[in-house]
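The structure appears right after this line, and notes come after that.
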Amino acid sequence: MKRSLAAVTALLLGITGCSSGGDAEESGPVTLTLAGWSLATTPEFKTLADGFKSSHPDITVELKEYDAANYDTQMIADLAAGKAPDVYVQKNLKNFFTYQDGKQLVDVSDVAGKLGPKVGGLSAYQVDGKTWAIPYRADSWVLYYNKALFDKAGVKHPDGSWTWAEYATAAKELTTKLKASGDKALGTYQHTWQSTAQGFALAQTAGASLETGDYAFLKPYYETALDLQTAGAQVSLGDATTNSLTYQAQFGKQSAAMMVMGTWYIATLLNQQAKGDADTFEWGIAPAPQLTKATTGTSATPVTFADPTGLGINPKISEKKIAAAKEFLAYAAGADAAKALAGIGVTPADSSSVADTIFSLKGAPGDELSKFTFTTHDTKPENPVSKYTAPLQNILKDLHTEVLSGTTPIDAAITKAQDRAKNEVLSK
Amino acid sequence: MTTLLVPTPAETAAPAAPARRPSRVWRILGYLALAAAGAVVLLPFYWMVLSSLKGNNDVFTIPVQWITTDPVWSNYADIWSRSNMSTWLGNTVVLSAVVTMLQVLTGSFAAYGFAKIRFPGRDVLFLAYIGTLAVPWQSYMVPQFVMMTKLQLTDSLWSIVALQAFGALGVFMMKQFYETVPDELLDAARIDGMSEYGIYRRIMLPLSVPALASLTLITAVTTWNDYMGPLIYLRSPDLWTIQIGLKSFISQYNAEYALIMTGSVLSVLPIVVVFLLGQRYFVEGIATTGLKG
Amino acid sequence: MTTMPVRRRRWRNTAIGLSFLLPNFIGFLILTLIPVGLLFYYAFTEWNVFGGATWTGLDNFRQMARDTTFWTALRNTLYYAAFHIPLTLAVSLGLALLLNRKLRGVAFFRAVAFFPYITSIVAIAQIWNMLFSPGFGPVNELLRWVGVDNPPGWTTSADWSMPAVIVVGVWRDMGYYMLLFLAGLQTIPGQLYEAARVDGASAWQRFRAVTLPGLRPTTFFITVLLTIGSFKVFDLILVMTNGGPGQSTLVLAQYIFRKGFEENQFGYASAVSIVLFAICLLVTVVQFVVNKRRSS
């Protein structure tokens, strides 16, 4: 009986398979391909694919692996050759412009229109009144601090009221007092990236913009960074690059008591502490230091930065696949996906509703300030979308290494960058 | 002709060796100088091996530790179990072998045409070969990728074979070596009724063993160490080569420097073995005694 | 027989010559020559890699003339090449002469000299950066030990980053070119040395009169390769300094990558490639002519 049933089913399936033939495009199951990177250690893509499958049994999302460091190079080649996956991730906003301007993205304004107001980072993907990608995660930069080291040094924990000056004072105090108690840890660690100074400067300074070609707004941030380097409260850029320091080891191995870093590091830190790759210690997150007192304190909204991570659709795929892909995008930005992503420590685009999920993970901090930090922030894009952003960021990257290596004084470096911006980029 | 391949000590008397044997003192001093230079050259390599035997947190220390008292051999077992090392090694060995074979064969074949047969358009063609060497790959990478996609070669090992096997380097190198073979020798063979193909196979190939050996090694090493090519063309993890695999391993475990160094040591070892096995051919192949006399 | 040969032999020679080239040429044509040829078109366009290119005439080249970063990259590339080419040539030839003998243990040293070339570039960058680390690196510790009070900052200083990169470049490439020189040395007939010795020539005279002329095809080949390699230097700089600090080690090949893949101006990147190509070709042709004149 069972066997004959199976035979009949098989026959039926075979027949429907045959008869639908040309209509296969119109109905039936769909398989979408999705680009991701480092699949073994980056579970978010699989989480999205599996979560979507359970609510949309007809649509299967298959993952295609890309290299994390060369994601955009590989994707550009694939798109140019017409063999890119159906849905691909916008890893940062710098390259989003390349894809949008190159007509490699489907207009997804209709998906965006149906999303709730809490989805962060959406505006970053809007060009000419249309939306070209949907964010599924929206990180933001915060201040990580090691509670154990603060207690050891006898320095008061951050309370959300810090400006950069207070942050620098605390970093120096920590360094001195830790040294006195025989600990080699430094006060703070700012990684080698230009964004550790420039991202905050651009986000927090009123009227600052890359395209004005006026970069005086960077000055106070570099003064703080240089001051910390000279005082020995922070590893110099030279030592950090020549010794290939990693930020994960600097904070996770307790070589620094504080570190400004994006919220993506929460998942990494939890994971590394659980596996023993990082030391086990109490930590917390606080709002990033602010430029002025006006945006400090838990009654205000601290200003910070980060690029959202979004999903875009390859326009070369069939209508039917586009429809399925849009459903997938809507799901990825929605509340269900937010919960699932928070469950693996990822900061979803809709972050306000998932703080409880993230902070109930094993090893996560339980204090109120950490929760406040996670849920309350005004996050500006690191790379505002424009055709000038990528070349301007390359010029400012040179400024970063020039200033922090002590090659050129801040003022001279800023003047040079402004000249270059004017002559090489903005004049075109 | 095969007898030509067998080196005899008398023939291979080192050309640049001085007439009289240097005194013992000088010889010892010479060895000491070589050893000192060798130590300097090997220092980074030594550090790489040393780091592969340390714990993760002991790799970058201030100041540098040049010895380890407690080697962590388990790193080697770890990397084997946590990565796909055997697949990567397998792919890389296959690729290196196929690419090298094709490059040496087609390269030396074409080089004979360029060096020893006169025909119109030859020099222009040759200039085109050298010209392409002067263009950085990243600038024509995308058009090439599109071409390769049209040929349905991407994401298969064939793409790397196609990419590496027809390079201009082998042609250029072999042509230069063939030009040192005197034309009179070939003319004599032609008069004896040997065809051009016969001359290539029975005179040129045996005469150019040292050059062929160098080309073989250099092509094998280039293919072995190529990173950007496989990165762009090989996407499925089961096709990855050792360089791609290692790099992705690094970005996944980006704070685990001891393991990274372990991987680097493992990636170099096979080449060292090939070098040590094959290196006598670079200098001993055959002595071209009598050719120019 | 006497009326046919010239024409017929020419035709025959061409056919035979082409038959030798063909197996390599087909692959070369499709995968290298055509994509490279396309660059000469893209260099005169605005092209974002995905769609069609818009013809813009000489715009890219005009822009290049005003582009200070392009000139910086060109200057740095020339700086690198000016030191890297002669140094590598001298060191690798010296090594080849030294190791071209039948002494016990020489095989081992040959392998040692080749080691840097096979060591992974990532490991090379990490190790050398660490060796050059200004505060605690062994290089500066050694310099302090021999009495240099204020040793350079190497890769962290705009003045010393290029010398540091050149040192590593020479160190890395010397084994590769040594191998080519070794192969070249084998083509020099042994009895030329015998004859020179009989004439009572000193070691230096034998080197001048026998070794150098005998090596000419090899030296030419190596100089061309080395020139092209130096002008195209990319991966070493990318992993060691990424062009910094500031723009002190930014080179043309890296600038091309930035303009293309990071800033999506593939037309402009193609134009810079053409300039790089022209420079390489010019230098190569000069070498060709010098080589021809010397050997005749």
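Just a few scattered comments:
Residue numbering begins at 1 within each chain, and the chains themselves are lettered A, B and C in the order written.
Note that a residue touches a chain if its C-beta (ideal position, glycine included) is under 8 Å from a C-beta of that chain, and two chains touch if they have at least 3 such contacts.
Every value quoted in this text rests on a predicted model; they were computed, and no experiment measured them.
Chain pairs A-C and A-B differ in how many C-beta pairs are in contact, and the one with more is A-C.
Of all chains, the one whose Cα centroid sits at the greatest distance from that of subunit B is A.
Per-chain Cα centroids separate subunit B from subunit C by 16 Å.
Averaged C-alpha coordinates give centres for subunit A and subunit B that are 41 Å from one another.
Within subunit A, residues 73, 76, 80, 243-244 each touch two or more of the remaining chains.
Among the residues of subunit B, those in touch with two or more other chains are 60, 62, 142, 148, 247, 257.
Shared contact sites, meaning residues of subunit C that touch two or more other chains, fall at 49, 126, 130, 135-137, 261. Remark: subunit A residues 38, 40-41, 64-70, 73-74, 76-77, 80-83, 243-246, 248-249, 252-253, 272, 277 touch subunit B in the complex. Partner subunit C is touched in their complex by these residues of subunit B: 9, 11-19, 31, 34, 38, 41-45, 47-48, 60, 62-64, 105-107, 109-110, 112-114, 117-120, 122, 125, 128-136, 138-140, 142-144, 147-148, 151, 162-163, 165-173, 176-177, 179-180, 196, 200, 210-211, 213-214, 217-218, 221, 224-225, 227-228, 243, 246-247, 250, 257, 260-261, 264, 267-268, 271-272, 275-276, 279-280, 282-283, 285-293. By the touch rule above, subunit C contacts subunit B in their complex via residues 10, 13-14, 16-21, 23-28, 30-36, 38-39, 42, 49, 97-98, 100-102, 105, 107, 109-124, 126-128, 130-131, 135-138, 141, 171, 176, 179-180, 182-193, 197, 203, 206-207, 210-211, 214, 217-218, 220-221, 224-225, 228, 231-232, 234-235, 252-253, 256-257, 260-261, 266, 269-270, 272-273, 276-277, 280-281, 284. Looking at the complex, you find that subunit B touches subunit A at residues 56-57, 60, 62, 141-142, 145-146, 148-149, 154, 231-232, 235-237, 244, 247-248, 251-257. The residues of subunit C lying in touch with subunit A in their complex are 48-51, 63, 66-69, 126, 129-130, 132-137, 153-158, 243-248, 250, 258, 261-264.
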